[in-house]
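Step one of this worksheet: look at the structure below.
In order of appearance the chains are A, B, C and D, and numbering begins at 1 in each one.
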Amino acid sequence: MAEPVLSIRNLCKSFGALKATEDVSIDLYPGEIHALIGPNGAGKSTLIHQIAGTLKADSGEIVFLGDRLNDLSVAERARRGLGRSFQVSSLATEFSALRNVMLAVQSVQGSSFRFFRPVTSDASLTEPARAALARVGLEDRANVPAAELSHGERRQLEIAIALALGSKAFLLDEPMAGMGPEGSKALTGFLSELRRQAPILLIEHDMDAVFALADRISVLVYGRVIATGTVDEIRTNPEVRRAYLGDE
Amino acid sequence: MMSRETIVNIGLALILLAIPFIAMQVGSPFYVTLATRMAILALAAVGLNLVLGLGGLVSFGHAAFFGVGGYAAGILASHAFSMQPLDLGFASVAGTNSMLAIWLVAMLAAGLLALFIGAISLRTSGVYFIMITLAFAQMTYYFAISWPAYGGEDGLSIFVRNQFPGINTMVPLSFFLLCYGVLMSVLVLFALIARSRFGTALQAARQNDVRVASVGIAPFRIRLAAFVISGMITALAGALYADLNRFVSPSMLSWHMSGEFIVLIILGGVARLFGPVAGAMMFVMVEYLLGGMTDRWQFFLGLALLAVVLFARGGLIGFLAGKARHG
Amino acid sequence: MKKIVAAGIFGLSLSVSGLAMAEPVKIGMITTLSGGGAGLGIDTRDGFMLAIEQAGNDEIEVVIEDDGQRPELAVQIADKMIQSDQVDILTGIVWSNLAMAVVPSATAQGKFYVSTNAAPAALAGANCHPLYFNAAYQNDNLHEAAGEYANGQYEKMFIMAPNYPAGQDSLAGFKRYFEGEVTNEVYTQLGQTDYAAEIAQIRDSGADAVFMFLPGGMGIAFMKQYAQSGVDIPVTGPGFSFSQDVLPAIGDAALGVMNSGQWAPDFDNEASKSFLAAFQEKYDRLPSIYAVQAYDAAQLILSAASKADVKDADAFAAAMMEADIESPRGKFSFNTNRHPIQDIFMMEVVKDGDVLTNRTVETVFTDHGDAYAEQCTQ
Amino acid sequence: MSSALLIEQLLNGLQLGVMLFLMAAGLTLIFGVMGLINLAHGSLYMVGAFACAWVAAQTGSFWIGLVASLAAAAAMGAIVEIAIIRRLYKRDHLDQVLATFALILIFSEGTRWVFGSVPLYLNVPSQLAGFVTLPGGSRYQLYRLAIIGVGVAVALGLYLLISRTRLGMRIRAGESDREMIGALGVDIRTLYTIVFALGAALAGFAGAMVGALQSVQVGMGEPVLILAFVVIVIGGIGSIKGALVGAILVGLIDTMGRFLMPQVFSIFMGTSQAATAGAAVASMLIYLVMAVILAVRPQGLFAGAK
């Protein structure tokens, strides 16, 4: 088997007495969609925050493309190729969809310290941005402020941003949330394609989507990974059924 | 087709330009000085608008940069007047009464101060940032008051207004045109920055700094750069203000001054290109007219400001040109 | 009431020798009428206007504006008065820092400035100006008098002032005449309100007396705290901290304090008595020293205006120099730097009925000028 | 320098710190619960001082004046909250800064309108006019000791109020989750008015007590306000404990700096120069300390939840 792109080793994080992440180890291999599921409050988002760098882990290691990430800033991790979408969409809401993606393009190009040339007439920014929007099907909404986009469209926009970043791995936090069945279906198809570009660590509540997409699944309960395996292994795992699926 | 805001902006620029000429026509030359004051305060507020409007960073300490600019003008001019070189410890520099040299020194000095203040205060956000910038400005204020070499609380007089090549700066109208020219140039610069990559990152960081970091741009560095540029613009205004009054004093560094800059921006419209210009024109006029009517003018000024905050959001530009739009 | 146009209220019959008055004189008064320091500005205005009204000369016009104790506002008003109102003479500024902002540029534009109070050293020496007259004193005078007075009384002094130019000049002025030992020289923060730390040092110093220059609210705070502290070392100071505008706020804590000044309500001369009566009748309160200084400034301008045309700067300046007035202070003349030569006294704070006021104790200096006159060559 | 003098200066620093705490506690409470930055807090301090001085002059009793100061500041706080402040909670800090800046102008000029331009008279009550003999032999003013005592009592009272009472429970709930508290069925509008009035009363109380020591005049609140800002920034905004620690730290550093700096400088230079240079550094000292603390801990010493 190939080297993992992203490797989380024995990660721990507590808030006071609450152990939000307890000895979590997860690997993300090239070309796969690795789904992370678990009941509410299991610590899924906390884990994503630690990987992306918005929270600092107490102990353990996050290794990405062979480098330890633990002490790097959010921006530095993003520059190294960690693309992220947020559980509650996180966009520059006054900017148009296009300008949101252009921000990612300008980051990839290296310098934000250019003071004079207007971005809107800079084809080296607009063209890649439009291409990314087109890939997620938002090309018609390019000039609409992010605040006016529908819930589903914002998710698509977040993925477009991750695409524009040329990310080497995607962290997607509930991309299907709030989408209608049509949207979910389209997005499922899209994510299935996306894994060819870079592997995806997917947090998702929509079990149909998870079972349709995931190559492997890890189940997180009370901050701990109780099982990791293929879709079928997880479906039949008695501990998972008891702890999690039984409640569904 | 021009947007409504562009039309309003052009209108404001023309009105400000027209005031002194009309004043000369009707024989009220003092309005030239008043218009110059509007232009200079607008310039200072344009500087603040860069961090406050675009960057969403409420600096309550921009008087520090305004004062540094003023003192740069005052100190260099006083050394030029007395013909004593300025002893910096490691080198001694001749004073100067050339505005261009003074502006350069003012902006460099303020840039360094902004780098120091920004490096510490930008680690915080929200209300911490407001109070820390205020406290740093107070520090410079107390320093200026108790530092005896340049007049302390008494301030420092500039006996002859500093020189600009090809212009007789002692003529009020010429000096106004010089300030107006600087203001318009800086406004062009501001408009360019707002649309540039840097401006995009800065505005995005105001809307959502986590987003900016997640695409790989460190908001701190962007903000620090903006803070430094902002401080330099405000310092330039300070140098001009010193020349307008032919005087600098610690009151340029006082927290009332910082508050006044914020007032100008809110009156005009936050993050709007011409917001500070509209705000400065309105504020100087209202202060002048109220002051002519009653000794209690500060009371009524307070009431007027309160009414603007509570009932007239968006400022004058918002009222004239509608809601802001971003590309 | 922002603009007062005082014109011949008493009619022409009372006007002083109207013959020489070729042109009307327009006076711009910039003083502090709002904010914490307004008390001083109000006394300045009232004292000045009293003299103007008494003269009843309708050729004299006075424009008054409030500077809010802000230098940049004072500059703006001065520009407006010079450019739009076209005043001939400016006056009224209370504070040194505002005077420094206005006076050099006003005189450079050919306008007279007659100071009713502010008298920074910077304007008395090498940077003096033929159009700048000071009707009050030179800032150092009262401190010098306190130093001279201390010579006969005390051997060791604790001296204290705020850390700003007037404060530094104050202690320098005191030391210029005091020959004994200075145990401590302490600079406090401008606007400081708590003096516990300094009072503890005074207690510890072993000095015979304290000299302090703390104008306005600072002096009130210090005197109250000092009286409460139980330290019984006597305090002396310049009259600013014990003038009629602050005494009520200090209360009995000020009783018995020796302070230096050029005038007190008990002066036994005709000019003082009639001034006091007229002021009390018109405004129903005791005048402070600021009112007297402003009253004299107005008298000086009126006297000069009756002899020369203000548009003829040399002639008008010469007429000013004659100082042909009856000052409540008694003797008054101008030095070569156009600052007063006058007597300086020590006063004691006493209670007259329920009202705290000053009583003259002794004359410290007779015909006293200032230390900067020699440097003034213009 | 005797040890008695040192002890006295430490007490002075403590007393200044306690006064700052009364100001800072209100500021930090209002910020913690309502998320509001109130520049006009210094004006409420002034209102307290004027109310106390005026009532004491009318009745001849400092104590009635002190009660009046509490009542006046609390009432003024409640009125301002209901009329203006409550419209600002949902606004950003910028609007809050501007509105409360406008309130300062209104309060200052309004006070002068009512009370005139001359400072008012207020003295310490005769019961507290004496002295206490300190270990080491020097005397210390009883009134200042009383201020320290009152400050400690207020700190304790606030602690009990917040940790033990229903009102305190609601305040804590408001600090941790503003939406939650509405769901608990608490009338938020009333709670906010009470908290604001409480903060105002503390400021007014401080103003009245200090008014007996210094000059009761327009603008007296502004220097204290800025010091109180430094205090809560150092302590961590929203934290009462932080306000206490920060206030005492600032009080001690400011007092000891003013006292010791000129002496330190006199080692290197002449007395007059040392006095001015030392005083200059002393006036900037707390800001320098603040910068150092924030460089290490950007959220202050006791960072609150915000």
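As a working rule, a residue touches a chain if its C-beta (ideal position, glycine included) is under 8 Å from a C-beta of that chain, and two chains touch if they have at least 3 such contacts.
Because the structure is a prediction, the values reported are computed rather than measured.
> Which chain's centre, taken as the mean of its Cα atoms, is farthest from the centre of subunit A?
Farthest from subunit A by mean C-alpha position: C.
> Subunit A to subunit C: how many Å between their CA centres?
Chain centroid spacing, subunit A to subunit C, equals 74 Å.
> Averaging over Cα atoms per chain, report the distance between subunit B and subunit C in Å.
36
> Centroid from C-alpha atoms only, then distance subunit A to subunit B, rounded to Å. What do you get?
Taking the mean C-alpha position of each chain, the two centres sit 43 Å apart.
> Report the inter-chain centroid distance for subunit A and subunit D in whole angstrom, where each centroid is the mean of the CA atoms.
48
> Among the residues of subunit A, which ones contact at least 2 other chains?
Residues of subunit A touching two or more partner chains: there are none.
> At least two other chains touched by the same residue of subunit C: list those residues.
Only 34-35, 163, 168, 187, 189 qualify.
> Give me the residue numbers in subunit D that touch at least two other chains, ranges are fine.
108-109, 276, 279-280, 283
> Taking the top-of-page definition of touch, could you list the pairs of chains it picks out?
Between chains, contact exists in these pairs: A-B, B-C, B-D, C-D.
> Which of the residues in subunit D come into contact with subunit C in the complex?
1-2, 4-5, 8-9, 12-13, 15-16, 108-109, 112, 117-121, 123-124, 129, 131, 138-139, 141, 143-144, 210, 212-220, 223-224, 255, 258-259, 262, 271-272, 275-276, 278-280, 282-283
> Give the list of subunit C residues in touch with subunit B in this complex.
Residues 1-3, 33-35, 65-66, 68, 70-72, 75-76, 79-80, 83-84, 96-97, 100-101, 104-105, 108, 120, 122, 163-166, 168, 187, 189-190 of subunit C touch subunit B in their complex.
> State the interface residues of subunit A toward subunit B in the complex, per the touch definition above.
Residue list for subunit A touching subunit B: 52-54, 73-76, 78-79, 84, 86, 90-96, 99-100, 102-104, 106-108, 111-120, 122, 125, 145, 161, 165.
> What residues of subunit C sit close enough to touch subunit D in their complex?
Per the stated touch rule, the residues are 34-36, 38-39, 42, 163, 168, 171, 185-189, 191, 193-194, 196-198, 200-201, 203-204, 216-218, 220-221, 224-225, 228-230, 245-246, 248-251, 253.
> Of all residues in subunit D, which touch subunit B in the complex?
Its residues touching subunit B are 31, 37, 84, 87-88, 91, 93-95, 97-99, 101-106, 108-110, 113, 226, 229-230, 232-233, 237, 276, 279-280, 283-284, 287-288, 290-291, 294-295, 298-300, 306.
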